[in-house]
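Here's a structure for you.
Think of it as A, B, C and D in the order they're written, each chain with its own count starting at 1.
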């Protein structure tokens, strides 16, 4: 039985606590939050769980084996580092940290101590993204040509991070998992419509070493909500629409066929090819439940999480580079690559 | 009665000829095309119209008052210039020319001769775009925050122009008309997936002097067809979906409300506001019919077309700058401005 | 403070208990269910609430002022009658009873004792249905021509009631509230696809005294889920699509215009008229919360519920008549009318 | 080369003439219409075709091998009979005749003379309906449980026929082809909202000898256009949405599984099963072109059309029975069966 402490009981914390409380092999031992009124809710819902406003008390509790951090991003690094130093396994809400070097430091600390460090890239644990990964890895799509995602809605303006850190982080974590390779450079643009606030609209284009391009479009100021990702390959293409109740994933047997032998430049050298569409039945499950079970399994069996510290670092690096490019109106910014250990 | 000659009877030419043939106050006098089999079709459908493979013969025909040019873009300049020099009024398919300086030369020639020079920015003549313009000009949207357009499908790869010149040209011509002001710089990205071919996927961000941003996303390699434009303002926002059979335009009474007096940075300073949605009934009409009538009216009454040479020039400048930026992976490129006469 | 007892903690009971627990002016005092495992859940979630398998003990508890019944329909009558006889106000899940004469008996008992008898026609308390009622009553739709509803999905086959009692009951309760008048006869058809099971597909047409027709289509065996109601009037028409995330209600300024003076029968005498569409912003609220507040208000202030025993009776009469007609393959069955008191 | 005469150049006639003119192995020799202004259009578009207001002249023309009748339904019988008696093969717009006995008479006449008699059930020749037929016949759907169709829009009120003859005729002809068997009884309801006009809203339920039920819903007074057919089977189900640009046909691997061995009536005996969805690529072709080619092939090779006189007769019988039932508010009306020759 793994005892888990949860720091932060705001928007996302309650979902984590509920899934931990229902998970086999775990119990929630401690919940901390700075706000007394949030802790009052924990007391009503989970009478047996210790609560407190002091996260350090939670970290000092020897009965706590693992810590889940669901606080504002600016506090992630300090809390996660303290938790690792206290010998706890750690699961951190996305994005892992505010800066890449912080993520590197956490990875190093977890490695040295043999502790699990995992980032809560929730989408990676959905059956839709799992299916996209599976089809991509199996070569069903052929060569991957592009990844294009739109994530817009009328949303809360964050006061501390720009829209990339709030919304694009989802797309980047999905992309990291599905493509299994990293962009080498990014060009991003965007705008802040409210004086003194971070950018609320953002566009980022990522370049890879080969003929692959990725684009993410995020916006807090759209009258309609859109969650659509296109993954285009030479053989097949996928449309992932997360707002579809069923049929979230549609696979199109469509693409282009190139006829390089033609000598007449006025004839069409590139033809397009259309075929069937197929929407696989996806397992109905809560992603967070799968993710929590994976975290517990990694602790118990000393496994590396799908979304480990390195995944968290790669996403933070992209966000950092994109923010820098956005501030420079699209200037191309190289993405630092991890050197193999 | 204005006698019109049409050069080019390929994909778009037949639509122009049909609308000219049905327009009041005009007759089609001459159709030229390099391909005999295309002319054969004209003979069957329009027995009274002169046909020929030689565009110069058409231009030399003194009975022809006005010339419509519907040929590949690389030939626009030369044909249009010759037509103007032959004293004909000219309507050119979009984009007006391949290079901005060619467009400037045509404007100059038309001005000197007092002839009408018009570019076929067809969307400007749809009732949907007319409605967007009307609401924008009337201030119904408040301050304009962003213009965002997606135009993707599985389409023919052009061999001579990149996807911006083929698809984004529509969005740029709509934007030019609806916003009534010009971007000052562009950052564009994209990729060519077929060796030796032009870019088939493109993203372009345009910056304006004030807090307005525009983005256009075009792709010849999408498994699904999308034609969606969002126009966001401080008071209202518009969704224009050209694939909707009815309700092409939806106006959302949504936006943000900023509360600048709050002193607590942890409180939300920016709230969002939701309200009704409204889809105005749009006139059912063929845009080309309206456009042709406007061309004839401009000739008869010496009026300046809505889509005159300057509109064509502005769009060509954007396409030139965006193509340059795309080749440099997003490098910011300034847009040349017209100096007031 | 009104103390409420809830009988039945199966599918719907937990929603009722949650809303009662959160309502101002009420507390949940007792929950009963035949299944111990269901009660165990109540104990965890609501530690202060008395639980038991014996509904009679709940009814005998003098601290209980009002009883909510969320058990299978075959038990509604007996439990509700016993509750009224024990002097409790009663809210019964839909449909009110299995037979019309049972509903009549409950109305009589509640009247005699001056107790509130209310039926849980939940949809009546949604902001969408409220808007439909409001527009209809205000004459915005003109003369009402038809009410047409489709409610189909892949659903659990009930073993005790046919699909009308499970699904059409929603449409009939909405219709009863929105139209404010009752049909005079019904013709229903349907089929049972599983041997020995009730009808799983049903169609019912209702006739009114004037030029109004209503139709409800329900099906437990549809591969897709549909929840669409059309309300057609001479001036305007409403589409209510309950699966739309926003824009559940769309109001179309469309209809027909009749020109009776025309003498030429070959000319079109009936023209159609199209206009704007409008989707009003609806309040975001849980219907059950509104309903529970209304129940408490009726108790406190001796008011008659919107969905009182008579509303429950009218819907049961329709279901009885429709089931009889369905068994006779569409034979027209008269609907009994309530005689004014 | 088969020479065809076309009687009636109103709404549908031009489509027939155009497809006949483009068909291999045929030429349009004669077009007749009562209205001179319609004939003027034929003269312009098809200079070589004889025209006239007298249909009898067309029938008397010995060069005419086959006659296509596209006139109001009340005139179908007389014209088709005269054409057959003049020795011409005949294709009649749907519905074949106004009364079943007329259709029987035409069948008899064509049989005696060895002439082709075909009815223009256009939908039968679409690739979508062809796919539905193919899957049904191959047993891919399992046992067929239901056929359910909705065909509603804001449409022209006909002055001579009710909405069943105008709209439901399409569904009945599709159903006749796809199911390959006939209903035994019908119960229909509907209403006329305009004084002195035929019913403009109609619902018809059809019963078969086995556990199959069919329902068609038609309405000239709907604010939205719907064209949706559900075909439910024990193994798979089809959704045919004719307004979808692509993916008109979706096949759902969904249904119910019955577990008859369970002894506990409180347990669910009927489970539901969900699986993948699949949208086959359909051939892009104009149905009328396929239909015209089939008509010519039947003439040339003495084949029986897919939509022969008997298919026309079956649909007319259904329309007659349904209209009678509708007038009697849902009274069950038996469908006459053809006695095998």
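The criterion applied here is as follows: a contact is a pair of C-beta atoms (placed from the backbone, for glycine too) under 8 Å apart; a residue touches a chain by one contact, two chains touch by 3 or more.
Note that the structure is a prediction, hence the values are computed from the model and not measured.
Steps from chain A to chain D, taking the shortest chain of touch contacts, total 1.
Using mean Cα coordinates as chain centres, the one most removed from chain B is C.
Inter-chain centre distance (chain C to chain D, centres taken as mean C-alpha positions): 39 Å. With centres taken as mean Cα positions, chain D sits 43 Å from chain B.
The distance from the centre of chain B to the centre of chain C, each centre being the mean of the chain's C-alpha atoms, comes to 53 Å.
Shown for chain A are the residues in touch with two or more other chains, namely 274. On the chain A side of its complex with chain B, the touching residues are 145-146, 148, 150, 154-157, 159, 185, 187, 189-194, 197, 201, 203, 205, 207, 211-213, 215, 217, 219, 221-224, 230, 232, 237, 239, 252, 254-256, 258, 265-266, 268-270, 272, 274, 325, 328-332.
Touching chain C in their complex are the following residues of chain B: 246-247, 253, 274-281. Those residues of chain C whose C-beta lies close enough to touch chain A in the complex are 45, 47, 225, 243, 245.
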